[in-house]
Amino acid sequence: MSDVPPVGVGAGVDSATPSQGPAGGPGAETSTGIEGRSPWVLAWQRLRHDRVAMISLVVICLIGLVAIIAPLFASVTGHPPNQQYRGPGALSPEGLPAHPSSAFWLGTDDLGRDILVRIAYGSRISLLVGVVATGMTVAIGVVVGLAAGYLGGIVDTVLARLVDVVLSVPFLLVAVALVSITGASLTITILVIGFFSWASVARIVRGQVLSLREREFVEAARSLGASDRRIMFVDVLPNVLAPVIVYATLLIPVVIVVQATLSFLGLGLPPPTADWGGMISESVQYYTVAWWFVFFPGAALLITTLAFNLFGDGVRDAFDPRTDRLIGQK
Amino acid sequence: MALLEVDDLHVSFDTPDGLVQAVRGLTFSVERGKTLAIVGESGSGKSVSTQTITKLTRGARVSGRAIFEGEDLLTASPDHLRRVRGAKIGMIFQDPLSSLHPYYRVGWQIVEMIRAHDHSTSRRTARKRAAELLGLVGIPRPAERLDDYPHQFSGGMRQRVMIAMAMALNPVLLIADEPTTALDVTVQAQVLGVMRDLQEDFGTAIILITHDLGVVAEMSDDVVVMYAGTAMEQASRRDIFYRHHHPYTEGLLRSLPAHGGGKGRLIPIAGSPPSLINLPSGCPFAPRCPYAWDKCFRETPPLDEVFDEPGHRSACWLPHDWEGRQACEPRTETIDREETA
Amino acid sequence: MSEAMDLPLGDPGGETTHAGTEVLMAARDVRKLFPVAREGLFGQRDYVHAVDGVSLDVRRGETLGLVGETGCGKSTLARCLSRLYELTEGTIEFDGQDITNLSRRRLRPVRREVQMIFQDPYGSLNPRRRVGSIIGDPFVIHGIDSRQDRKRQVQSLMERVGLNPEHYNRFPADFSGGQRQRIGVARALALHPKLVICDEPVSALDVSIQAQILNLLSDLQDDFGLTYVFISHDLSVVRHVSDRVAVMYLGKIMEISASEDLFTTTRHPYTRALLSALPTPDPDEADSRERIVLVGDVPSPVHPPSGCRFHPRCPKARSHCVEAVPPLEQVFDDLPSHRTACFYPLAIGEDLSQSVPQLGAGESEIVSSDGAEES
Amino acid sequence: MIRFLIRRVALGVLVMWLITVAVFGLFFVAPNNVARTLAGRQATPATIHLIEHRLGLDLPLWKQYTNFVGNALHGDLGFDYYHGVPVTQIIGQALPITLSLAIGAAVIWLLLGVFSGVLSAVRPRTFSDRSTTALALFFYSMPSFLLALLFLYFLYFRLTKAGFAIFPAGGYSGLTAGVGEWARHLILPWVALALLLAATYTRLTRGSMLDVLGEDYIRTARSKGLRERRVVLRHGLRSALTPVVTQFGIDLGQLVGGVVVTETVFSLPGLGKTAIDAINTQDLPVIIGIVIFASAAVVVANILVDIMYAVLDPRVRLH
């Protein structure tokens, strides 16, 4: 199934542990103020100096802005997103999509709708699904991973098998099949994606918790008489948040692609809702005569995923500054 | 003519937090067949400097000279360097488990070493030699153990394997970088014994990097004491322990629990080592030094001969004659609080 | 089974050291086994015999040193004493109360009295929390003091261990190794415990910093009337800090005695070997002293040797040592406080380096199995 | 080792069983109207009931399930609703196509990904590293259907229009019709699929290689005076490949179960496209058959990966 990125993020995320060593070189003490800078602040400071990540963040914000002001596109162009135009300029004499023009800046689709306006509205779907499904995924994954890793024993065994099952099922097929049975809707799309994605988050969190559980500061808390609940939430949880945040940032583009893919396979949102995958799907029959019909929604989708991925990479580097081990000293 | 003469070595690394000046103007020399101990605390630059000599520090900015058998290693061609490594200079490292490749058999790794420098040696001969070497470093049943993987050996045995490999081509110099730090004392004694025996048999010179003054006292002929990337004092073993000049050397020795026992208070060096990114001006030890005076904070003392003893040098502004030095009293108030830089 | 019988069940008593004689903590025949992966399809479950029948007393006000090499069980024993681990067998009494099987809730008051200081100054502090909150943890967990008081308390603790109280809001990453260890000390002292178990508290530190921490620990002991169990692999450090020292090897105590006595009248061949292997920071002494180089490494604690655990490496071992476990008892005319687990203890002046092993145990290289070693 | 294998296979069987329960539950508990669809608009309730009976849909759920599992264990996955063709036969026809696609692409992406990853890692932070990384990220972000469409547009449509009719628009040509024709039909899907996956492998190999090159034993290899090429390939790559092999096993396992999007866009009647077609007609036995087959492929791949681990790493093998 993985000609679509599998639900889960590819290379190297598992190692996105925050570095525990001293910041900087041997014996370096970096901060001089009375108030220490928290690991979060430090990560943000590193991120701020990452030009690529910052540009990506700006792009993401712009896309978000487009989503918010989508109705403005409709009112400025005068074309509601689902309005089908027939006149010359909106459809060619043969009834084919029309070229980009002063009336339709990015051309029209096969039904004579304004592609620009539809792209603007489509961004709402992509971002909404991307963020909500990722949030749901991470929430389930963290709870399951934390429980399995910290409690261990039978809880761990049962949850581990559950994770195995979810990871072994051909996600896209089952998702498409489910959507075809229940009927397409935004909620079902989000639920299906969330349901099949939490397993890899759980796996990562579990791994982290297992190693954190053996750390001396957890032992220290236990020797002070701290309760399990306190250890889990005060000592363990803050330490798994960094890798989880990195993972979540990198999961958003994956989810966006999955949603687009479902739409592309004809099981996204019921028409005439504008969403990018659906638009590209409709364009397939026309790609030889109307390149803009594929190109602009495709570009919007690609720019979005690229921006999120670049930003996610930056976030990962910020949390895990891998100063290539040049100094061979301990 | 010394075997290796390192002169004014500087090594620094670019890091996101700034330029780390790991080694700053280090000068020392190693005589044939002798052991030079480089001693210092973590971050003093002792490992970086020796790894730089064989160009094993990558991405570092390096300047200075390291003349080995008449040729400067720092400007040598990669090919020349390759021929020196292993064949002329053998190296062993702190953690023998991570220093051996986990996926290859021990025999394979030694044979590879031998054949890398002399391809005319047949595999069979090289293997025989490898078994011999394992026997030499005291590994029982050497011929059988050639076919074991590193993780099948215990810590001490692994370090012996490393030594066997480093000594395979009879190098004139062995660089041992904290070779026993990861080992238990009883095993450390074994490994140090093996090194001593091999040196006697083959006349190998050794650079021994350590933070353990006990190991220095047992193993070395000469000693360099490093602090914050530079040599503080350099002398024969006895002079370092009995006639040291530099307050840092004195501080190190005084912080050790007295060997004869006795509870009492220890005399630590106050504070902690400086950041190698923002080094203080003047002597790097001045902020922690009980003898420090104005000049120490302004000017960096040169590494000059003291007590009219050839080879005994100290980078300190205290009087360079024995009587003058003896007359200096450290300030007594102890600074028990560590301040962040 | 018979080993348990060999150990004196009562307090040996009648000992006089300058520390108190009142027993604060008493461990009796403590055993701790860890399961390891099974070998073979239907193989029996193997266990790491981390601590294998240890009895000892910690007296009020003293420092008891526990010394030994990797895998000897000293850290496991420490965690058994502080009840971080459940015992496999044996009992632990603290201040007259049997705490072996106390429930979590009933154990909480004991937790206030028994504290630990850990080895790794990086691992023992939560990197995501501010120092003030780390040191304040004990107050929060035990519900002591209001928020306002807490900050004042924490700052005075910081002051006491030599940290700048203004650094209350910093993170562990902002501190050097030595300073972090001070943070760990402050946390352990917050509730004025009676007993502090120090697990290799200076092993990760450079010598100059190590001396700072050792001094601090000793000052605090005087000020607060603390009792220490001090664990280290470094004999010279243990000798410096301890009133009494127990030498451990493969889960058992080999020799226990008042500190100076142990070093001057060493009875157990293992203790002697350990002492002789310790490098001396004195060239003259280094050149002249007796060297006993033991053969082989510490055997795996999964399958410890029969009889005396040390026999495969012991220069004095005889066949009896293979068959029977020597009891930990007074030998020769030693003080009652000096007990040795050896059938053939060293006489004063005996030169161990001249001994020739009586057993054909020439090579005893044993690969330690994974997970069997303690860190 | 044997013990480990038995344990591993037993676990795989357990997971497979759980999957059949889950899949069966999902599809049969969900409301469906297959019988109504099959019967057509004008059907009487009696006809619908007859059809349900014929398909076994009127039996209690547990009975349907046990029948299904019982048959599956005998290699019988049932028959499709419309033509009564055995599902195993449908899978048997589609599988070679999916295999041709997956294995061909695998060769390309593995070579491409590992090669570029190693090259990047050996010269980190240089221009070539940065551009490789950027390119990898570009393809990593690319939705598969978009890349497939771009391929069709440029390499089929534009090229054909320009007079170079090299690539077909899609479709499959069996090996029996000649290797050349087979490869010509597959080359676009191969490359489209391989580029997407190669991106992951470049990043994975680079990261893993950078980690390994920082290891102590690499320093040892250099200190032995080995040539840099040998240090990188014999000592570095050997270790760096472990995570790559893991990922490869998982990816291949997933692809063998069907390459949904690529097969759909390039009209290759492999498992993925067959499944999508079945979904569109609600042909449950085919859907379930393929889903279970695909899951089995992943489970088996996971077991193989674990075995590979042991083969690659003597520390695993000998414990």
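Quick notes on this one:
So that you can tell them apart, the chains are marked A, B, C and D in the order they are listed, and the count of residues begins at 1 in each.
FYI, a residue touches a chain if its C-beta (ideal position, glycine included) is under 8 Å from a C-beta of that chain, and two chains touch if they have at least 3 such contacts.
The model shown is predicted, which means the values in this text are computed figures rather than measured ones.
Looking at A-D and B-D side by side, the one with more C-beta contacts is A-D. Taking the CA centroid of subunit C as reference, the farthest chain centroid is that of D. Measuring from the averaged C-alpha position of subunit A to that of subunit B gives a distance of 50 Å. Centroids of subunit A and subunit D (each the mean of its C-alpha atoms) stand 22 Å apart.
Subunit A and subunit C, compared by their mean Cα positions, are separated by 50 Å. Each of residues 167, 174-176, 370 in subunit C touches at least two other chains. In subunit B, the residues that reach two or more other chains under the touch definition are 42, 51, 56, 151-152, 272, 340.
Chain contacts: subunit D has residues 219 touching two or more partner chains. Interface residues of subunit C facing subunit B in the complex, by the touch rule stated above, are 69-70, 162-164, 167, 174-176, 178-179, 182, 206-212, 214-216, 218, 233, 235-237, 239-241, 259-260, 263, 273-274, 276-283, 285-286, 291, 293-294, 297-298, 362-363, 365-368, 370. On the subunit C side of its complex with subunit A, the touching residues are 79, 82, 84, 104, 107-108, 111-112, 114-116, 118-120, 122-131, 137-138, 141-142, 166-167, 169-171, 173-176, 184, 187. In the complex of the two chains, the subunit A residues touching subunit C come out as 18, 20-23, 27, 29-31, 34-39, 215-217, 219-227, 230, 234-235, 238-239. Subunit D makes touch with subunit B in their complex at residues 215-217, 219-228, 230, 235, 238-239, 312-315, 318. On subunit B, the positions that touch subunit D within their shared complex are 51, 54, 56, 78, 82-87, 89-91, 93, 95, 98-103, 112-113, 116-117, 149, 151-152, 162, 165.
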